[in-house]
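Read through the structures below before going on.
One chain, subunit A, appears in both complexes that follow, with subunit B as partner in the first and subunit C in the second.
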Partner chain A sequence: MKNPPKISRRKTLLGLGAGAGALATTGVLPGSLGFAQAQSSAPIKIGFQKHATGIGAAYGRWYDTTTTAAVARINEMGGINGRPVEIITEDDATDPGRGAEVLEKFANQHEVDVAFGTLFSHVVIGSAPRAGELKLPYFVVSEGHHVASGMLNRYTLQPGITDVKSQVISMAPFVADNLGKKVTMIYPDFAFGHDHRDFFSEAIEAQGGEVVAKIAIPPTETTFTRYFPNIPRETEVIYHVMVGPAVLTFVKEMGEFFGPSRPEIFGFIDSLEAVDIQSPGLEFLEGTYFWEGMPRHKQANESEAASAYRAAVGVNDRGAAIDDPANVATYAHMFGCWETLNVIKAGMEAADYQGPADRTKLIEAVEAMTEMPESLDHPQGDKLFNGKTHQAFGKQFISKVSDGNLEVVHTASIEDGLYADEVDYTTQSF
Partner chain B sequence: MTLLVKSCLAAPLAVILASGPALAHAADQGFVLLLPTTAYIVGGTLTVAATILLLILLRPGQLDPLMRPVVLGPPRAKRDWRGWGQLFAAIGLALLILIGLRGPTDPQANLMPLVLWTVWWMLLFVVQALVFDIWSWINPWPALLRVLVPESKALITLPAGLSIWPAVVIMAAFQGFVLADAAPNDPERLAIFAIGYWVFTLAGMTVFGRETWLRQVECFTVLFTLIGLLRPVKRSSIGFPGWQVFSKHQLDLSHAGFILIVLASGSFDGLYETFRWLARIGVNPLEYPGRTALVWPTTLGLYGSILFLTAIFALAVFLGTALVKGSVGFKTAFVRFSFTLLPIAIGYHFAHYFVTFLVQIQVVLATLADPFALGWNLFGLGHRRVMVGFLTVPGTVKAIWLCQAGAVVLSHVLAVLLSHRTAETFCSSRRDILALQSGISILMVFYTIFGLWLLASPRGA
Partner chain C sequence: MDWTKSNALHIGTLVVLFALFFILPAYHVGAFSRIMVLAIYAIGFNLLFGYTGLLSLGHAMFFAAGMYGFGLSMNLGGLSVLPAFLIGVGAAGLLALGAGYLALRTIGVAFMIVTLMFAQTFYLVILYYGEYTRGDEGFIIQQTQRQIAGIDLTTETARYFTAFILFAVCFLAMARLVQRPFGKRLIAIRENEERARMLGYDVARLKLAALVVSGLFSGVAGAAYALLFGYVGASFASVQYSIFPLLWVLLGGAGTTVGPLIGVIFMFYLIDISSGVTNAYMLVAGLALVLLTLFAPQGLAGTLRKRALPWLP
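Up next is the complex of A and B:
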């Protein structure tokens, strides 16, 4: 028996928002929302696989905020193919097992057109096979390399955020040219850290540099002082990618170890995503460098599109919620939701998408995309989409901590992050 | 093939905004790890140990006045409105079930999980234990039956010898659901469970009689009755927290078992998220695989913890009874001393959920503005933003942690007092009083360390 459709809070709220405008201008009845010119005024349903609970909940909240803002804008512009967009949210509990179940609910219970929004890699990897079985387009915002590596399937795409392999290798030219060629890497001792180690080692060697020490930290470690003596004296740059609750301890202890004289230090903002860079204990980071997916702190030359996006998601110039300034956003990642939704819109329009029967046409339309210029649809910057690998490539930012501000000192080009294709999904049948 | 799991690890301070208690922690842990928690743990433990030593100085019976309630006057014969309260609660539960089945699928926007876990399990649990007998006003189970069948007659008599063993079994199952189920926050799933339990309870009350069923089988009535024993106020009597434990009650092993389940489950709830536990079961805490993958380790861990706590508690009681040969039997002491664990269970419950509660209660308020997702904005609450930034302000994090630790320490101090008073009910000489509670005292000192360690430990789940 088919389950009755559920009420969606977001649907209602957005409906009111869009409907209010429509009422004011056209006097149409609520429900049609001014989209009546379309063949069908039924909403386009996008299933949002949200990390509402579990270890991803902080990200889930900001992904939700961004998604809500992006859909509000799309609906204000008339929706997709003249139809309003409705977000159906299901909690995957940041759990791969639940993730797959949620996709089933999307397909069979809610009858969504596409699924969207997953961040955590293990949830993507746990869910994608089911998306393939259900023949449900699955737009992830995970930045994992698993899409472009070829381990997933034709129904899984990542058009709104770059992958970590691209991010890592695009950092090497700047590091080698500006910070030093002898690098010590400090990373957690499991797959995540190993991938950083492998990608960056190769990339820095291509720049004439070398990794002089690889210091792997056990994942359960909460104090780090005993590892620092293993840093060779010749080290010019420390590359760190520590994650988890002990990151602050790591920074503090590294600062205590080096004192005023230290090598250059480069890290990924993931370590401190959603953490105020001016938090006590992080003073040691002054003068160090971070990769950023999108500059958290407003830059003097921030583009109009980036500023409009910042305002739309309710984030202030310091990258925190306007009405809760201690609540720092997951700013380096969440733009991916905004951009992915705009890709879905563009894809559906290109495919003249009418309903689930057109899902394969939608995927082909997205696969045919290449350049996505910087715009309000793509506020993070230009993108280049590779239809064969289902992966977007884009600019990367390197920011220096100066007086407690993250100031962009280098923008890596799209070309810096390109690598050879590892898969051609277009050769797979639907 | 190596997998990139960058995103899965990216949040050092990920705020776990789960509405379900099983996921309940705000991981403001990055700052907690920078606090001198070892010193705090030592301080807290010394406080409990010092209390034990101070009690040694007391003359036998000196605690008696403390545990004797003051009667504030004869109970006034007022009309009892509790039946109405229960009826409204039943209607409220029915609405929650409806919202769970047909409302928003996001548990952070659905009142079913939000009210159940945040309001009932986190808040009302503590209210019941400390402030007021709220359960007698909101127990939703008997209301409907009372309207339909005013006279409750049992069709089959439940053996009194069963005592509350049925409730013990159901409480153990409930804790399994809270901790080990893959999706205890899913609104639809919760609604279905609630319907199932409601039907089960209605059937049970019809067949075995309303009061009997509530007293012996309905685990939440049993739970709220037991934790209510700690409340200073009962009707028109007021006393030191825990005085009710020493008034007349029919207590047996099943009550002790129930209390041990509540305490062990609460402790395991803290333990199973720690790096230490995850590493022990072979899970990388920075790569937490989700609850689905851990259903069996968690289930086994939970029930193993209950058995383990029961065993060490029995050992502690046995040590005392062996030292005071003949004064009190092991079984009697086991039952009576189990009640001294109640404050610890309640104190840790508060500490464990405190941070999550501070966030989730805001979500509840925001969702109350539009309970049926119809676009309402009742009371203007819909425009409230849920504030979570305070969890990344070091000063606030410290204050919150000290508040949690304070609750744990205070609850142990109270447990020590109750333990001393319990020993006095069996022994008259100072030597025997101390000997009888010696094992329990050691247990309580170590449990203080354990409880504070849980609060200070890094968590991966």
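Up next is the complex of A and C:
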């Protein structure tokens, strides 16, 4: 009897490799190995304008993590129009001048299909004119009102996150009904703070309330004690939107000023993104309220999609990295990257996007979108997209700090955050 | 002879920049549009630092004055490009006159600190009047506004050649200026201020004139940046933009006519290339600066002049 021929390990590996290659070419293999035209189609390139350095670095890191997870999922599902998605990352240093240069790099050097992912408003505003001139679709995840205000251009869209105007006006009914009608606002004395001041003043008046004092803090301030005596005695609610590293001092000094008897306090979590709510010095926040774009701490009724998203981006129930609990996520904002990438995918599929020549078709396809139901594509919740203003509207959450946990006590509906159109980008030519 | 060589160098530089538009790929054409605008800023700074020996740490206020003077005249005043541009440049010149009148009462380190403080005040004024300036966010000059006589300045070609013309005018004007008696007097002040005074020169007036001309050039750059890139923002008034021209001029060669351009090109591509390799690209830039300071303390053009080309202007 003849012995069967021996097959060496080297030959086995070679054979397996050749077989897998043949299967992948014909699209038989599932998942990431199975792009129908992976061998013949170039990837869809998405330029990710990342705040890797500068003041936005903490956001940039988590926007990157979310982007990577979202693209991995899209590729596992077969990519976009049968083509894999590739992310090209460039650091904009959270600087508007460099931001514009990065868009030029994307368009002319990397030859990306679209650009995406910018958060800080001044970088968006500095970059957007170049996006329009380069005719490069620019999907921002900024929450600024600059898109819907009509300041930018037809090539700039914000389909994955609500804007600050919508966020602020949807908070007013809860504040007036549950916390008080006489509000003192404390905000940084620059554009972000002024947006809050103007939008909230108007919204609380519509609810029968009033802003009894507006305390603007200069951006260079490092101590805040001298501002607290300006808070009127009649104040029922303090509304704060301090940002930057001084926020810890701000909270500590506010605690020292008020002691145990304080008015109700409502703030935007922007102040404490990437900061553990149980950090020493933040004890005074116990019992106060925060706006959240998406609940950082896992709620008892968290949806299946939201839980799957939480797992996909590698975040634990406390909103920190699973492998490093000290690394707290920018959870209230970063879902915007995930959802925006899914909108880009849906838009490209609707437009049968093949390459840069189809960029205007892509924009028209996104402009035609309206309802985006809650799903793993949109784990934060239902969205309503306004194609005229290029802005998405969605649910907002109000959480109360209880025993060091952020517990959602109110969910503002999409309707609470709607406002009249201020622009119709669809009337602008390409 | 040296005068001929120097003319050949200046004309040759402009010929190369002109030709680059037809040679370079699209991305680098865009990059050079920006480089030429920033080089105007560096040329202005060089007159004060390289030729007069006055180190200002507040030049961003002049750059921003040009930028905001231009942008606000267009967006709030409804002016067209040319008058708005003149207002921007004029604003920078006036600010330089006022700031110089006060700051030039000091010398050395005190002058650096006073100019730094002036610039910081200017930056905070921009934030304070956020209602008009949109503070830190800044504002946009729309594509439709950025036209001269029907020419759309937002196309790559028009942008490049507008930057080129502005650069050429400033480059040649400065090259001429520093060879004129005015420039020689500034150099005399740099070399020995007391001796220049003893020779009968009105040193205070000359320094003020140098600061105003420097401010005007910075204003041209600021207004041109807003015109060509469509954005006006407070970050251009921050201390970072006061340090940049100092680095460009130090790298390129203080007191040389081509140094500012070389410095801007070097720094731009150093950051552009190293940022593609590592997030710690400022560390790379810092290391390059340390090495240059150690081995070429007079900058690239300065070292070239010292070692090989003594005629270099």
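Keep this in mind: the second predicted complex is superposed on the first by the 393 of 430 C-alpha atoms of A that agree within 3 Å, B and C clash if a C-alpha of one lies under 4 Å from a C-alpha of the other, contacts with A are read in each partner's own complex, and residues count from 1 in each chain.
Methods note: a residue touches a chain if its C-beta (ideal position, glycine included) is under 8 Å from a C-beta of that chain, and two chains touch if they have at least 3 such contacts.
Source: prediction; values computed, not measured.
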Superposed partners subunit B and subunit C on subunit A - clash or fit: clash
Which of subunit B and subunit C A:P373 touches, first, second, both or neither: neither
Touched partner set for A:G259, first subunit B, second subunit C, both or neither: neither
Touched partner set for A:G132, first subunit B, second subunit C, both or neither: second
Partner chain(s) touched by A:L152 [first = subunit B, second = subunit C, both, neither]: second
Contacts of A:P229 with subunit B and subunit C, given as first, second, both or neither: neither
Touched partner set for A:S279, first subunit B, second subunit C, both or neither: first
Touching partner for A:G56 - first (subunit B), second (subunit C), both, neither: first
Which of subunit B and subunit C A:S271 touches, first, second, both or neither: first
Touch count on subunit A, higher of subunit B and subunit C: B
Touched partner set for A:K165, first subunit B, second subunit C, both or neither: first
Subunit C region in steric overlap with subunit B, selected from 96-104, 240-248 or 258-266: 240-248
Residues of subunit A that lie at the interface with subunit B and also at the interface with subunit C: 52-53, 90-91, 95-97, 105, 121-122, 125-126, 144, 146, 151, 190-192, 194, 219-220
In the complex with subunit A, residue positions of subunit C that touch it: 25-27, 30-31, 34, 124, 127-128, 130-131, 134-143, 154-155, 229-231, 233-236, 272, 275-276, 279, 281-282
For the subunit A and subunit C complex, residues of the former touching the latter: 52-53, 90-91, 95-97, 100-101, 104-105, 107-109, 121-122, 125-126, 128-130, 132-133, 144, 146, 151-153, 189-192, 194, 218-220
Subunit B partner contacts - residues on subunit A that touch it in the complex: 4, 6-10, 12-13, 15-16, 50, 52-61, 88-91, 93-98, 105, 110, 119-123, 125-126, 142-146, 149, 151, 163-165, 188, 190-192, 194-195, 198, 219-220, 222, 243-249, 252, 270-276, 279-281, 320-321, 323-328, 330, 333
Contacting residues of subunit B [partner subunit A, same complex]: 1-20, 23, 27, 29-34, 102-109, 182-183, 185-186, 275-276, 278-279, 284-293, 370, 372-375, 385, 387-390, 392-394, 458-461
